[in-house]
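Next, two complexes with subunit A in common: one pairs it with subunit B, the other with subunit C.
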Partner chain A sequence: MDLFLQTLLNGLLIGGVIATFTIAFQLTFGVLHVIDFAVGGWVVLGGYLGYYMAAGLGVDGFLAIPAAFFLFGAIGYLIGPILYNVRNSRTARPELMALALTFGLFTLLRGGMLTAWGFNTRNVPTALSGESLALGPVTVPMIRVAAAVFAIVIAGGLFLFLYRTRYGLAIRATAENRQNAALMGVNIRRLSANVYGLYAGITAMAGVLMGAVYSVNPEIGLRYTLFAFFVAVLAGLGSVGGALVAALLLGVIEAYVSTYVGSSYSLLAIFATLFLVLLISPKGILRRGL
Partner chain B sequence: MTANRNGYTRRETLGLGAAALAAGTLGMPFVRTARAQAATFKAGVITSLSGENILGGNLTKQGYDLWADAVNAKGGVEVAGEQFKVEMFYGDDQSNPATGADAAERLIVQNEVDVLFGPYTSGSTIAVQPICQKYQVPMISGSAESPNVWKAKPEFNFGIIPAVDTTSGLSIGVLAKQSNPAAKTVAVIGVNEPFSKETGEGFRDGVAAAGLELAAYELVPPDGDLTPVISKIAALNPDVVAVGGHEEILINVVKTSKSLNFRPKALIMHYGITNPAFAQALGADADGTTGVVVWLPTVAYKDDVFGTAKEFSDMAAKKLGGEPDYTAAGCAASGLVLGDALKRLGKKPALTPEDRVALKDAIAETDIQTFYGPIKFEKDGPHYHDNVQPVPVLVQIQSGKVVAVGPKEAAAADYIYPLPAWK
Partner chain C sequence: MTTQPVKSRLPGLLLLAAVLVLLALMPLMVNNYWLRIATGALMWAGLACSWNILGGYAGYINFGHSAFFGLGAYVTAFLMNDPFGLPFLVTVPAGMLVTAVFAVIIGAPTLRLRGAYFAIATWAFAEVLIQFASAMDFTGGIGGIGLPPYLNERFFYFAMLGAAALTYLLTWLLFERSRFGLKVKALRDHEPAAEAMGINTALVKLQTFVLSAVTASVFGAIFAYWVTFINPKSVFGGDITDQMVVMVLLGGLGSLWGPAIGGVALFVVNRLMWMYWGDTAFYIALLGAAIVLVVLFLPNGIAGLFSGRRSNALEKAAGKLVGRVDEGERP
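The block that comes next holds the complex of A and B.
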């Protein structure tokens, strides 16, 4: 029973951790209609910022979180318009061109990081790293709790922003119908740049947390890209709320299968879930996908 | 037929051109022979000189070069009373096995090397083996550690470093002997990827061989989260946790264990903990982690070319700017095997194709003592042509430094067991 409860907690926290880098990914898909392969690259960049701030300046890794938002948010803001132009070009298959662009960006980030920082695995030390709380029979890893709280705060913040502000309304309108939004006076190009900047900033913030929960090296970006994609498909592409639910579901499945069936079957179980959901509900578990 | 201005017909001009071309082509072999008469043994190094494995690739290259420099400084390899220098050629596998096979072929066909020195990665080594077989050129591999290299029964390849399953297996026995009170139960985690999985299997088999109890054997996917596995193992509370994986997983195992407040009496990992980045990433949490190495500068072995292990290490440190690890040592020792085999073969350069086959047979009969330890290749079984002689050295991170803790004759410090609780 103790192990059962511990596994449930492990699963929920794995879900919380995965959700951190998936939520903003959904927003980008909703607005820009681009599956951003570079998501893993932004995660890893955030992790490295955390490492260098902690190792170089001697500050706590958590301080890198706001720094990551502003730094990579600004870089994302500059890249956004390029992505927008490619996605809306009049050449054939702009959606595939955009996919190729983000894949190229990902490869460039990975290669650049490998050249600049080498392949050694780095760690982001924080005040909560390694800390745990004994709660009856279960042990609660605090750094994962921090990541899960971050995911919930970001999801809640995005929800309020999208549904309670004028600019959020413009973003939703753009996601629904780009031409109509433009006719209503929304500057689609600038909005796309802002959304991509917001996304890159949030994802890099999540990256600092990933570096604290796991570790960071240039090669691991692909793993985050894949997981973001699994969760997005399960959630229904573009659904921000669905991402949270889907991530928690995948986390709990992974934890129970690893503990009671065998770790080597955990990814099999995740793929089987994905397959079944796509079969039964192609718009994702909350049926809110695009 | 019209003659052109200088009095040749077109046919004559073409004929002269063809004759000149033929003379040039036919002349080539003579030029080559003339160059070969400088009489050197030609050795080709095939390894990762670019791409993601460039660091390890350079380590192997430096190891092989250390031998070539040392032996050339002594006048060369002695054959039938004469000395012949060694000439090194290099091929880059670009961290890609298929490219490695091409590069090996180039070294053999274009540079006409007598022998190859093997790649940094086992993957490339496996890809190069058929090329050695095809051209009947022997290869000595100073770095490959995967048992899969030897399962293929490579007739022309020889390995200096014992396959990882033998070292990890033996290390459990060494650990059991060094632990006090003696360890009884072991849980093994193996990452489901080449090398890591074999390391895990080695640990698993070593548990049985050492007469201990296997509490759990978990094969985890490289992309999975480790909390479920660590929680499960923590519930079983084994004395020892053994992990087969690369550096990133090793770091994550330590972090995850700490975050779940689980500390086994010993945590043993095969590869990667000697990389300074491991202790750097984990800080004080790295302390107490046990690892396995095949060679350390403190081992008590010696030979005529490099002297003692310590002397080899000092010489290498001067040239490379840092203490050599067991990969560089294994590569340098590969050269010693070649030198010994050439001496016994007694054939002067350049070697004929028949000589190369005879050289392969001579290498197979190797039985020497070197600064790296004893070298003798298996004649059959799953580790065919691998040198499984060396006994692994158990190391432990103590105050951020890697120190030898077992077996008794190699230990430089006491083994800390059981590990203290997390701070």
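The block that comes next holds the complex of A and C.
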């Protein structure tokens, strides 16, 4: 029973971290109508930034979180307009081309990281690494709790921004209906760039947390892309609220399969769930997808 | 059906005949080393065509095409080994059958949805097959599985040549010269409109997907027998799909000869890099950069450069029209 509770808690904590970048991923799909294959690449890059800041500058890994947001936010802000142009170009199949573009970007990031840093895995060292927290019968690593707290702060900030500011209203309006938002005076092009920047920044922050809880290597990016896709399918593409629920569910499924069946089967279980959802309820379990 | 003047087709036919004669005489002209490279180039040209069947003609991007390549390879490896010991000519159709079954299982639910869901499902499917093949005993686990060696370079060259030629012939007949091809292109360009014209889009898409998967499995089977040893990464790996996607995009999405041009060009670059550099990680980065650059600056690929102004203008006009209809249609 203790193991059961401990696994549940571990899953929920990791699910919280996954939720941060999958929410942003859904938001990007809602605004740009682009499935971003590169999501795993941003996660891994964030983790590497954390590692190099800690190893090179000797600062605590958690200090890399704001740095990751600003650095990758800026990079995303520069990539956003390119993606927007391809998605809205007058070529025969813009949706396909945009998908291919992010796929190329992901491959480029993966190959570049492999060339630069090799296949070694890196862990982001923090002051809390190695400590643990006892909650009644269960013990969880302190770093997971801290990561989940950071995730709640990031996700909470994002929701406040989306639901309590004028610009957040513009983003939600664009996701809901692009034409009408444009008629209301929203500059879709600039907003798309901002949203992609926001998304890349948040994803990189989640990457620092993931790098602190587990570790990162260039090949692990695929796994996080699969996580984002899983959440997108479960929640329905573009559904922001559903992403939170689906991400927590993903964390729990992964934790239970890893604990009770074996970690090499976790992707298999995730895919089986994904396939069942596609079969039974293609617009996501909450039926809110696009 | 098309009213192209016969005159304009003659140079193309002569070129095709010359290429075929050259390919048939290749084993007499080059040594075994270059014959292996030619065999590989044929395989990739065929695989690119196989990906293009769905990606180019039907407009559904498959990011897990290596799954079918690997299924063909693993079925052949499994059936040729000890408890069965079946001949190669039996294992190839068996691999095609298994692949077709998997393609229907994956395709039937996902092809009904938007293309993005399909891309996700296929990609996840290939990743899962890697995990599955690594975890199971009968596939040899992560160490892989060996096949009875058959050291006859000419056999494999002609096997690849035959498979590639058949793939291209089939593609030409089905997608350039038949009603089926028109249906597929119609649903690619505007699915609701195609459905309104009475096309059973779900069925046509599934047929196209199965065809695309089955052709890939044939190359997988020949590949496994040729290299005599496979492991999960070497036949299911994402890099295989990456290569196919780049080859098709580079050559020209949805054109018949584009994949052949892109496939041969990229494979030769790959071999040259490997010979003089011996680096594989940087090649992945180059692949990614190639995809990005082609999407941004050469959306019609190399084949698009030769297709002339008229078809380009037509394509643009069609794109504009589709764009307009889509804008009116979105909620």
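What we mean here is this: the second predicted complex is superposed on the first by the 268 of 290 C-alpha atoms of A that agree within 3 Å, B and C clash if a C-alpha of one lies under 4 Å from a C-alpha of the other, contacts with A are read in each partner's own complex, and residues count from 1 in each chain.
Here is the rule we use: contacts are C-beta pairs under 8 Å (C-beta built on N, C-alpha and C of every residue); 3 or more make two chains touch, one makes a residue touch a chain.
Here the structure is a predicted model, which means the values were calculated and not measured.
Undergrad: Kindly classify A:267 by the partners it touches after superposition: subunit B alone (first), subunit C alone (second), both, or neither?
TA: In the superposition, A:267 contacts both subunit B and subunit C.
Undergrad: Under the stated touch criterion, which partner chain does A:93 make contact with: subunit B (first), subunit C (second), both, or neither?
TA: So A:93 only meets subunit C here.
Undergrad: Now for A:183: first (subunit B), second (subunit C), both, or neither, which partner does it touch?
TA: neither
Undergrad: So, A:217: does it touch subunit B (first), subunit C (second), both, or neither?
TA: So A:217 only meets subunit B here.
Undergrad: Where does A:114 make contact in the superposed view: on subunit B (first), on subunit C (second), on both, or on neither?
TA: Once the two structures are laid over each other on A, A:114 reaches both partners.
Undergrad: Mind working out whether A:101 is in touch with subunit B, subunit C, both or neither, as first, second, both or neither?
TA: Touch partner of A:101: subunit C, not subunit B.
Undergrad: After the superposition on A, what does A:6 contact: first (subunit B), second (subunit C), both or neither?
TA: The answer is first: A:6 touches subunit B but not subunit C.
Undergrad: Just to be sure I read the superposition right, which of the two partners does A:226 touch: subunit B = first, subunit C = second, or both, or neither?
TA: both
Undergrad: If I apply the document's touch criterion, which positions on subunit A are contacted by subunit B in one structure and by subunit C in the other?
TA: Common interface on subunit A, subunit B vs subunit C: 114, 118, 226, 264, 267.
Undergrad: Flag every residue of subunit A that touches subunit C in the complex, lowest number first.
TA: 35, 37, 82, 86, 89-97, 99-101, 103-112, 114-115, 118, 177-179, 222, 226, 229-230, 232-233, 237, 264-265, 267-268, 270-271, 274-275, 278-279, 282, 290
Undergrad: Write out the stretch or stretches of subunit C touching subunit A in their complex.
TA: Within the complex, subunit C contacts subunit A at residues 55, 59, 61, 63, 109-110, 112-117, 119-121, 123-125, 127-128, 131-132, 134-135, 188-189, 238, 242, 245-246, 249, 253, 279, 281-292, 294-296, 299-300, 315-316, 318-320, 322-323, 327, 330-331.
Undergrad: Over in the complex, which subunit B residues touch subunit A? Could you list them?
TA: Those residues of subunit B that touch subunit A are 52, 55, 192, 218-221, 223-225, 227-229, 231-232, 235, 247-248, 251-252, 255-256, 258-262, 275, 277, 281-283, 285, 422.
Undergrad: Which residues of subunit A touch subunit B in their complex?
TA: Residue positions touching the partner: 2-3, 6-7, 10-11, 13-14, 17, 114, 118-123, 125, 129-132, 134, 139, 141-144, 213-215, 217, 219-220, 223, 226-227, 251, 254-256, 258-259, 262-264, 266-267.
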